[in-house]
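Structure in C-alpha cells, see below.
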C-alpha cells in the first residue's frame, strides 16, 4: 500500500519534471559531460588515444571487475555456512550475465544518444562502438575502453542488491529479476546521469546533478531496490531480530579489502584519464573510506564497549559509498567530513532503524548503500568545489545552494524510479514464477537446494 | 604403446615440416611479430620508451603473476583437505623456480634469436636484455619489461599441469619434472610461436599461426602434458569415478576471480601497449569469459536440474582459455560464440568423456585447458579478422580458409611435441627417482607426508 | 637495562652526527632526491604531468594499499583461531588511522621542507600539496599522487610490527601506541631518508644513504620496533618455545601472494615513473623474491627433510624485504645473491636465534623484516651500481667501499632511533594504560575479549 | 544419572534449546556431526559427477541429567525437534555412573546441574 | 541395545560404510576427532619448530544397535578398518537403556533401525 | 571398563594431557564442542546486534580406561583443568561393556591401553 502510494508520487513527480526537461534537453546536442568532466573542450582535431590514460582506464576496469567477487566474499562471509555458495553464485552469474547483456544492448540503452530518458539500440552488439575515442565520453581513450569500464559498473550495481534478500531467494527468480532490473532500471538511470542527453545531466537552470562515479546510479539505485525487495520478500524464516553471526568474518574482511582496492578504479578511473583529477579522486576516496572506518569503530567503542573488525570494514565500505558521487568534486577535508557523516548515519540505520522498523535487510544493502549513497549525493551538493574540478560546480558551502537542490532532485528521482520499478518487477515475477524459496529449501540452505553443492566438506 | 605410436607420428610430422620451415625461415631476418602484432612498422628512429605502454605492461605483469596464486586457490579448493598445501606449494614453488630459471636461461632459450626450433644462450643471465626497447618484441617498452611479462607466462603454464596429477605426485619428482618440462617443452614451444624466427610464427605460404596470448604455448601445451601425466601416473587410490567434493568451494571461487582479474593482463597486456588493440583484447576477454560461464551454468541447469557456482567458474575459466589465442584478432560477437563453444566442449569432456574413458585428470587440467585451448586456437582460425588487427590475418569466416589449416598445424605440432616430451620426461624420472607418491603417503595426504605441515588446525 | 644502555648509545651517536649533519645540511637547498632518483635534472620548464607515469603511480598506490590486508591474512593465518580477528582488526584500523593521520599532518612532518630531523607542519591538511608536480619529489606526476603513494608506506610500516606482539596486546593500547609510533618514529625516519633536506639523504662527503623503497624506513624501522615490543611485553602465556601451528595456512599463502603482487607497486612504483628504472626494479623484485623462496625451501629440505609452503612463502617475503632498498640500484644477478643471503640469514634467525634467545616474536616481524631489512640495506652498499641507476651510487663491489659505510650508518641510526623511541613509547603507555592484555583475555582470545566477535561459527 | 544423546536437524537447535530451558534443563554440550539415516539428502553434483556420500549435517546434543529429569528432557527434545519428516533424528539414553564438576570436584547428583 | 563407538582412520570410512551396509547396518552418525594413541604421526615443522602435539585426525562412528546386531557390526567395522598398522583404532561398546525416534516418538528396539 | 568423558576449557588441554601422561594414561580421543553451562560468555555484537546464543567453545575428551585407572584419570583431568572459575567443565563416567582393538581384534582389558 505504502509502496503503491510511493509509486503514485513518483509518477506525478516524473510527470511534472518531464516537460521542462524535454524542453531544456531536446535541443541541447550532447551537453558537456559533467560527471566525466575530465575532458577539456578540445579543438576539433582528430581525437588521439593517450596511452597513459588508456593504461589507467584499463587498469581501473580490471579493478572494478575485481570488486564483484570482492562483494561476493564481503556478503558471503556474513551469511550462514549453508548459504555462502548462493551468494557467490549470484555475484558471479551477474558478472557473466551483465557482461553479455551490456555488449549486446545494455551499453546502447544507457549510453547511445537517445532521448532524455533512455538511449537507443543503435549501438547494440557494440556496432559503432570502436577503438577510436568517442569525444562525448572520453576524448583520449578508445570508446570501447569507456564501454568496458562502464560494464563493470553495470555488473556490480545489481550485485549490491543481493545483500538485501540474501538467504531466501529462488535462484531462477533471481536471474529473471536481474535481467529485468538491469535493463529497465539500471540502464535508464545510467542514461539519465551519464548518458549523452540524459535528463539529470543537465537540469536547465539548475545546472546538472553531480555524480562522479555513481552515488545515484549505483548506490542509491541498488540500495532502494534492496529495500523494496526485502519488504516484498519478507523476513527470513526464524529471523527474530537477532542476528546470525557471520559464518566467516575473515572472508568479510577479504571482501572489504578487495572492494577498497577496486574502488580506486571505480572512483579514480571515473576521471577517464590519468591526470590530476584522477589523483584527487584517488586521495579523497582513500581518505573518506579511512575516516568512515575509524568513525564506525569509535561509535562501537562508545556504544558497545568494543570496536569490531566487522564494524570497521562496514564503515570503510560505507565511506567508499558516500565518497563515490563526490570523489571528483571535493578536496580532502570535506572527504573527512563525508566519511564521518556516513558512518554516523549508516550506524544509526543498521543498529537502530532496522531493528526498530523490523525489516530484514539481511546484509544491510539498503542500510549501507542506500543510506550511504543518499548522504554522499547530498554531501556532494554541500562540498563540491570548482577549485577541485573546473568542469563541476560549487556546492552549498562554496556559495551555490542550488546545487543541493539539484542533488536532491537526482536523489529523489532515483529513489522513486528504482523503488517503483523494482516493486513492479517483483510483483510480475512473483505472480509468474514465485520469487521466494520454499520453506524447506530455505531451512536446508540455498547451496544444496538451489545449486546442489556444499561449500565446505567436514571430513575430507 | 599408443603413446609410442603418437611419438612416431610426431617425429614424422616434425621431420616433414622442418625442411620447408628451414628453407622459409632461415633467411628471413626476424619476421614481423604476428602474435605481438601491436608494433607498427616504425621508421628507423631510436626506439623511445612510452610511459603509458610501459605502465600497462608492468601492471599486466603484476596481474599475470597474481594468476598463479589464483590458480593455486582454484585448484587448492578442489582437492581434499589433506592435500591443499601440496597444491599451494607446487604453485608457489613454480613462481620461485621459473622466475629464476627464466632470467638465468629460460628467456634466452625462448626469445633470443636462435634457429627455428629454439633460441640461443646469448641472453643468459639477461645479458643484452636491457632497459631500451627491443624492436622485434616491443618497440615502445623496455626490453626487460617484455621479458618479465613473458616470465609470468612461463610460470603459470607448468602450474596449469598440476591439476592433472593432483593428490598423488611426489614433491621431489614434481620439482625435477617441472625444471625439465619448462626447459625442454615450454621454452621451445614459446620460441616456435613468439620467438624471433620461431617456426610457427611464419609458416611460409601458409602465413603464421595466430596465437595472441598463448592458446598453443600455454593452454594446449599444459593441457596435453597434463593428459599424458595423468595417464602415466594412473588414478588416485580409491578413485572410483566418483568425485570427492571440493573441500572448500569458496577458495575455488576466489581463485577463479583472481584468474579472471589477472587474465586481463594476460590477454590485453599481450598487445604490449596501451592502445586500441589492448582495449579490444580486454573487451573480448571479458565477454568470452562471461558467455562461457553463463553457458556452463545453463548446461548444468538443463542436465542436472541446477546450475552450480563450481560449474559457472569452471566455464568462465574455460572461456578465458579459449579466448586467449584469439583475443587480439576477434571482435565481440565472435567472442560470444567462442565462449559458448568452449563451454559445450569442455562440459562434454569433463562430464562425459572423462568418466567414459576413465582417466583421472583430477582437476580437469586437460578437460579445461587442453580442450579449451584447442578450441580457442582453431576458433582463431575461424573468426580472426584484419579489421580488428591489421597485423593479424583473416580467418575462415572472413574468407581465408588457409588460416584454419595454419592453426591446425600449430595445434598439432604442440600436441605432439608436448605429449611426446612429457612422456619421455616422465619415463626418465620414474626410472630414476619414481614419480608417484607411495600408497601410504597418498592415503595420509601429501601435506603431511611431502611437507610436514597441515593446512587447518582443528582445535585452536 | 640493556635497552637503556642502547638508548644512551643512540643519544651519543645522534649527538655526534648531528652537528656535522647540520653543517652539511642546512645550507644545501633540497639536495637531489637519491632514493627517488627517477627525476632527471630538468630544465626549469613548468612541470608537466605525464599520464603514463601517473597511471603507474596510481596503480602502484592501489597495489601498496592492497598489501596491508595481504599482511593481515599473512599474519592472521598464523595465529590461533581465537586471535585472527585481532590481527585483521589491527591491520585494517591502521589503514584507517594512518590514512587520516597522513593527510592531516603525517605527510607534512615527513616530507615538507623542515630541518635535517623532521619536516614542518606547513603542509598540514595537505595545504600546498596540490595536483601539480612537485619537482623535488616527482617531476612528472601530481604532488598528491606522490603523497598518497607515500601514505601507503606509512600504513604498512606500523602494520608490520603487529607480528611481534600478536596474540597478547590490549587493543586500546595498540591504537595509542600506533598513533605515537607513526608520528614520532615513522615520520621522522621517513624524513631523514626521503624528505627534502633529510639527514640520511645527504651525508656530506659520505654521499647519501641509498634506500630505494624503504629498507631502513620501513623494514628495519618496523622490525626493530617489533623486537623491542616483544621483549617489553614478554612471552605469550603458555609459550614454551613450541610453536602453535598456524590455524589457516592457506590464508598465510593468500596473504603472501597479495604481498608479492602489491610489492611490485612498492618497489617499482618507487621509481615514480613508468620508465626503465621502474622496469628494472620490477624485475629484480620478482627475482629476489623467487630466489629467496627457493632458498628457504632448500634449507628446509636439508635441515628438516621436507620443504614447506610456510617456509617458501616466508622466504619469498624475506626476499621482497631484502630487495626493497636495493631495487632501484642493482641488476638481476645481485638480486639473486640478495635473495639467497636473506633466506639464509632469516632462516637462522627464526629457527635458531629466536629459540636460543627465547624471545617471543610471535610471527617473526623482527626475524623477517628486521634481519631482512638490515641485510638488504647493507647489500645495497655492496651491489649498487650506477649502470642501473645513474642517480644512485656504486657499492663496494663496484669500487666504492664508502657506500657500505653510509649504508651502515643509516642502518645504525634507524636501529637506535627506532629502538629507543619504541621503548619510551611502550614505557609511557604501560604506565598510563597498560599495554598487555589480561591473562584471562589472552586465554579466551583477543577476538572475543577485545572485539566481542568470533571469526568462524561452528554450527551454522 | 543418565547421559542423554540426541541427534537432531541443525535448524531445530534453537527450538530444542528453548524447550529445554522451559524444562529447566540448562546445561548441555553440542557438536556437529554427519548423519546417515533413512533420510535421502540432496545428491550433490560436482562438474557433472554425482556425490553419493549421502552424509547429512546433523547436530548432536549431550546432556547429563539426574534420573527424574530424563523424561522431561526427552519430551523437550522431541517437542523442539519434531517436524514429522524423515531425518528428525534419534535420542539415546545411556546409564551414567558418575558425574564430577571440575571446578569444585563435587560429585554426583549435585554436580550435574 | 548397545551404543557402538568406533574410532577409525579417516581414509577407511568408505570401506567401513560399505561393510556396514553389507551387514545391514544402515544408520550411523559420524564426526571428526583427534586421536592420541600409540601411532606416531608425522612431526610437523613450522618455521623450523617442531609441533609435538601429536594429535592425529581420526573419524568417530556412533552406531546404536539392537543386541543381536552388536557382533555383525563389530565384524564389519574391523573388516573395513583393519590395515594391520598402528593407528587402526578402537571399538567401544556401551550399554544403552533407551532409544527414541524423534519423528514418531517410537521407542525401543523398533526405533533403532 | 569405563568410558570417561570430560568437557574442559580449550586452553587447558595441554595441561590435562600432561597430567594424564603422568598418570600413565596415554590414549585418548579429543574433539571440539560447544558448551552451554553456568558460565556466561562474552556477548558478541555484530553490526550493533547482540548475539545471545551463548554457546562457548569447549573441548571434549573421551578416554576408555580399565577400572583401576578411573580414579587416577579423574584426578589428572581435574588437576589439569581446574581454574576455580565457572566454565571449568564436567567429567562423566559411563560403564563400558567391551573394548576391541581394530588392528589385532584383541578384546577387553588388554585392548584398552
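Some notes on this structure:
A, B, C, D, E and F are the chain letters, set down in written order, and residue numbers restart from 1 in every chain.
The rule is short, and it goes like this: contacts are C-beta pairs under 8 Å (C-beta built on N, C-alpha and C of every residue); 3 or more make two chains touch, one makes a residue touch a chain.
Since we're looking at a predicted model, the values are computed, not measured.
Listing every chain that touches subunit A and subunit B alike gives C, D, E, F. Shared contact partners of subunit D and subunit E comprise A, B, C, F.
Note that among the pairs B-D, C-D or C-F, C-F reproduces the B-E interface, with over half of its contact pairs the same by residue number. When the interfaces C-D and B-D are ranked by how many C-beta pairs touch across them, B-D comes first. Centroids of subunit B and subunit C (each the mean of its C-alpha atoms) stand 36 Å apart.
Here the spacing of subunit A and subunit D, counted between their Cα centres, is 45 Å. Averaged C-alpha coordinates give centres for subunit D and subunit F that are 18 Å from one another. Note on chain placement: the centre of subunit A and the centre of subunit E lie 52 Å apart, centres being C-alpha means. Those residues of subunit D in touch with two or more other chains are numbered 30-32, 34, 44-46, 55, 94-95.
Shared interface positions of subunit A, defined as residues touching 2 or more other chains, are 50-53, 55-56, 59, 82, 244-246, 248, 254, 274, 304, 306, 308, 310, 452-454, 458-460.
Viewed as a network of touching protein chains, the structure reduces to a complete graph with every chain in contact with every other.
Across the interface of their complex, subunit D is touched by residues 458-460 of subunit C. Of all residues in subunit A, those touching subunit F in their complex are 241-246, 300, 303-304, 306, 308, 310-311, 314, 347, 350-352, 355, 364.
Subunit E meets subunit C in the complex at residues 44-53.
On the subunit F side of its complex with subunit E, the touching residues are 3, 17, 26-31, 62, 64, 94-103, 105, 111-112. By the touch rule above, subunit A contacts subunit D in their complex via residues 82, 238, 443-444, 448-449, 452-454, 458-459.
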